[in-house]
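Here the structure comes first, spelled out in structure tokens, and everything after it is commentary.
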Amino acid sequence: MNDWLRTGIGASDADSITLMGRDLANDLMGKVTLTELTFLLVQKRMPSEQETRLLDAVLVSLADHGLTPTVLAARLTYTGAPEAIQGAIAAGLLGAGSVFLGVVEDTARFLDEIIAGESDPAAAVAALVESGRRVPGLGHPVHKVEDPRTPRIYAIAEETGLLGDHLRTLRQVAEAHAEQTGRKLPINGAGVAGAALADLGFRPELLRGLALLTRTAGLLGHLAEEREQPIGMELYREVDERARYEPPAV
Amino acid sequence: MNDWLRTGIGASDADSITLMGRDLANDLMGKVTLTELTFLLVQKRMPSEQETRLLDAVLVSLADHGLTPTVLAARLTYTGAPEAIQGAIAAGLLGAGSVFLGVVEDTARFLDEIIAGESDPAAAVAALVESGRRVPGLGHPVHKVEDPRTPRIYAIAEETGLLGDHLRTLRQVAEAHAEQTGRKLPINGAGVAGAALADLGFRPELLRGLALLTRTAGLLGHLAEEREQPIGMELYREVDERARYEPPAV
Amino acid sequence: MNDWLRTGIGASDADSITLMGRDLANDLMGKVTLTELTFLLVQKRMPSEQETRLLDAVLVSLADHGLTPTVLAARLTYTGAPEAIQGAIAAGLLGAGSVFLGVVEDTARFLDEIIAGESDPAAAVAALVESGRRVPGLGHPVHKVEDPRTPRIYAIAEETGLLGDHLRTLRQVAEAHAEQTGRKLPINGAGVAGAALADLGFRPELLRGLALLTRTAGLLGHLAEEREQPIGMELYREVDERARYEPPAV
Amino acid sequence: MNDWLRTGIGASDADSITLMGRDLANDLMGKVTLTELTFLLVQKRMPSEQETRLLDAVLVSLADHGLTPTVLAARLTYTGAPEAIQGAIAAGLLGAGSVFLGVVEDTARFLDEIIAGESDPAAAVAALVESGRRVPGLGHPVHKVEDPRTPRIYAIAEETGLLGDHLRTLRQVAEAHAEQTGRKLPINGAGVAGAALADLGFRPELLRGLALLTRTAGLLGHLAEEREQPIGMELYREVDERARYEPPAV
């Protein structure tokens, strides 16, 4: 035994398995949900019932958005390698970068800066508006007036007593933006999720990870559907038939 | 509107988001857990309270096993690309193949064959034993007498009234093996998980997917730890220092 | 220094880097091509000029097939995470499983069995035909009469004196199939690639890996194009617009 | 035929396959190497013999660095899922992010800014030195005096007449740094590769992709070795045995 590598997550011996300092079989199995276990694994403490309720609501809100690019990538990958479902899920997670799930994280970081006192909502918004950049967490291509997830998260945060600095500041940001531009943009579902997760104590670097967890559930649904009602080959055939080949000059 | 691609999972318009035929904001958020949503996405119906309890117990049992090869792959990947956490998680899932998580699926398929009447437990075990192959779901390198997860899953299945054909047959398989070989092997945690998930109505092809969902939660814990207390570079340095270079003859 | 881990691939110290027993800077850089290095890394010896020519021809033949499912998966992943190109490439490789690149490997294994004397071409074909299964390496959905890659690989194998047992047996297999069924199927590009790689001394388990190497080159071409002339979002929009939502009964 | 999706890379019909406007079988197979094809796919023109020589030298220089974190991730992934080699290769690529292969790209971008006239070498170095940041492309943890790849790339670039603005500017950067700090740092292999690839006309966003191509070759070597002489399980066992479990307080 030396000091080479240390971990606080799990260990096992002949008779028992320990996870986060708890006996897996007796203290966790049958007593906590996957959502509670996730909170414990990341934050190193058990969540309260209220925290679990808000976290579940946020995870449920982010699970799936239909046949998005990342879902299509997973289903097309499954078409080629159905025997290796881990590859299809991995492919479906790999597109969760700056363009798609980045907003969850970007919103939390933006709010963190305001909360840390580096700026106030109005000034932070003004700086973005002036430079022609988007305000993280505002606007949605489909839900132009209101993203239905947003009032629901705020309501649950109120009910659970967990409406904290991030959710509050995000509202001020939206109001400041409407005042400054005369154009009311909705707080989008990714933004409200980022604010709520930050209020739940998760660090910005891990927010995308939480989104990936729930996206994995969504991908399972899509791969179950792809088995029964495949669209991957159909999509490929349509692309192959309709794509126009314009080779470079030789 | 034509018949090109069909999906039953999700859709959205300006005012609402629908998931599995439910209104996401009003019928799912705040009302179902991630575990319940996963059941709904894969099985197309809401689970009962009892089913949710057993499913959560199985998912919790599979979430993490310490610094396993797949966890090490994820943490080493994070070392090189911390800005792309989706890549580290994907890397941690890609090793969940035939050697590691395959047992969950293999056990369910093996039990399916017996239940379908293609064989009986004693004959199915005898065929494997004679040909020198392992019986799926039996034996564990660390838990040589009893895997602590196994009696717990059986107890919860009893309590919830969900102890079905797969779990029952798995017990018969273990008994037949002990009789035939004179050597009592424990039912392992992966095997009991496969049997319980099959009793919950999940098809064998998706069992590995459910295991990947809960492994994603485990990986989040490890990546949160890697941020604070990194071991990736340390592990690399030790390997680099101690590995012996034996080049091929030139 | 102990016997813990051994590797024959690479090592370095303050002044030099060694790869496969050669000095990287002086013996390999500027002297060997990527193709030659790949042969050396896998087979532990330098290829002859003739072997390199055949290997390059096979790799070039497998590099790209237009907007296939794996390419679409890579481009859709890039759409979401352009900052992490490694993720888009990984996604593009993950669909190279049993359905797509599997034929390269399957053909080599099938020929190996015949060459090992377990069967002769006519009997091996008859067994597949009777059971209604496809003969690995024969037939193509687009190139119904002749796959243009096939005669080219045979010609280069002749020219280089490397037409070996696998390529010869594959021809006998095609002839046996035509005789037995009265239907002439072309030897496809994946099959001829598998036979040629096996004649070059590569083991079946690594053939898919060689195909993945050259697919990575193809993916680079597609990602370079996606940067300048993106199709990922366009494809998503079309799917989103035209897909029909048929939710499960609630 | 409409204007939906366009591609210039590949297409095929019953009799022929076209790649980058060339006939695959007759104009490319047997006539170009994988390296030349890669240049063609990314830059849309065939390279000269000299360009190919420099590109091959750079690719060879980046192929492998022994048992690095990304290689370990690939070998550990292979341990769990040997039947899905595409997953092990993908895992080995996913760690090629900001910490490891990022330097190739960072160096090219840094040199681009100087060449574009936004700064001169001395001023650009001074800005970094003052703010305590590292100069991209300088310094190496093992090759403290000279990275053996660097003089070799410069020599080949001279011989081929391809020593361009990026390689020249990188040398000025190294000299400016030595003058300003009194400490001579070597130009490292990743930095010189980035400069040479940029001089060959590749855009910074794709440099990491080229490095991933050649890393795939390196990974194939490691996976071939892992099959014959596995280290994955051995590494796991050592970690499992020696890691110290320090659970969080409950």
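Should a chain be cited, it is by its letter among A, B, C and D, assigned in written order, with residues numbered from 1 in that chain.
Convention: contacts are C-beta pairs under 8 Å (C-beta built on N, C-alpha and C of every residue); 3 or more make two chains touch, one makes a residue touch a chain.
Remember, it's a predicted structure, so these values are computed and weren't measured experimentally.
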Partner chains shared by chain A and chain B (touch criterion as defined above): C, D
Numbering shared by both copies at the chain C-chain A contact, with half separating same from different: same
Candidate from B-C, A-C or A-B with the same interface as B-D, over half of contact pairs in common: A-C
Relative to chain B, chain with the most remote C-alpha centre: D
Chain pair with more C-beta contacts, C-D versus A-D: C-D
Where chain A and chain D are represented by their mean Cα positions, the distance between them in whole Å: 31
Averaged-CA centre spacing for the pair chain C and chain A, given as whole angstrom: 36
Whole-Å gap between the CA centroids of chain C and chain D: 22
Where chain A touches two or more other chains, by residue: 4-8, 10-11, 20, 66-67, 81-84, 86-87, 90-91, 94-97, 101, 235, 239, 243, 245
Contacting residues of chain B [partner chain D, same complex]: 66-70, 72-74, 76-84, 87-88, 90-91, 94-101, 232-233, 235-236, 239-240, 243, 245
Residues of chain B defined as touching chain C within the complex: 1-8, 10-11, 18, 20-22, 44-45, 81, 83-84, 86-87, 90, 94, 239, 242-250
Contact footprint of chain A on chain B as seen in their complex: 4-17, 19-20, 23-26, 28-30, 32-35, 37-38, 41-42, 53, 56-57, 59-61, 63-67, 82, 84-87, 89-91, 93-97, 101, 142-146, 148-149, 151-153, 155-156, 203, 205-206, 208-210, 212-214, 216-218, 220-225, 227, 229, 231, 234-235, 238
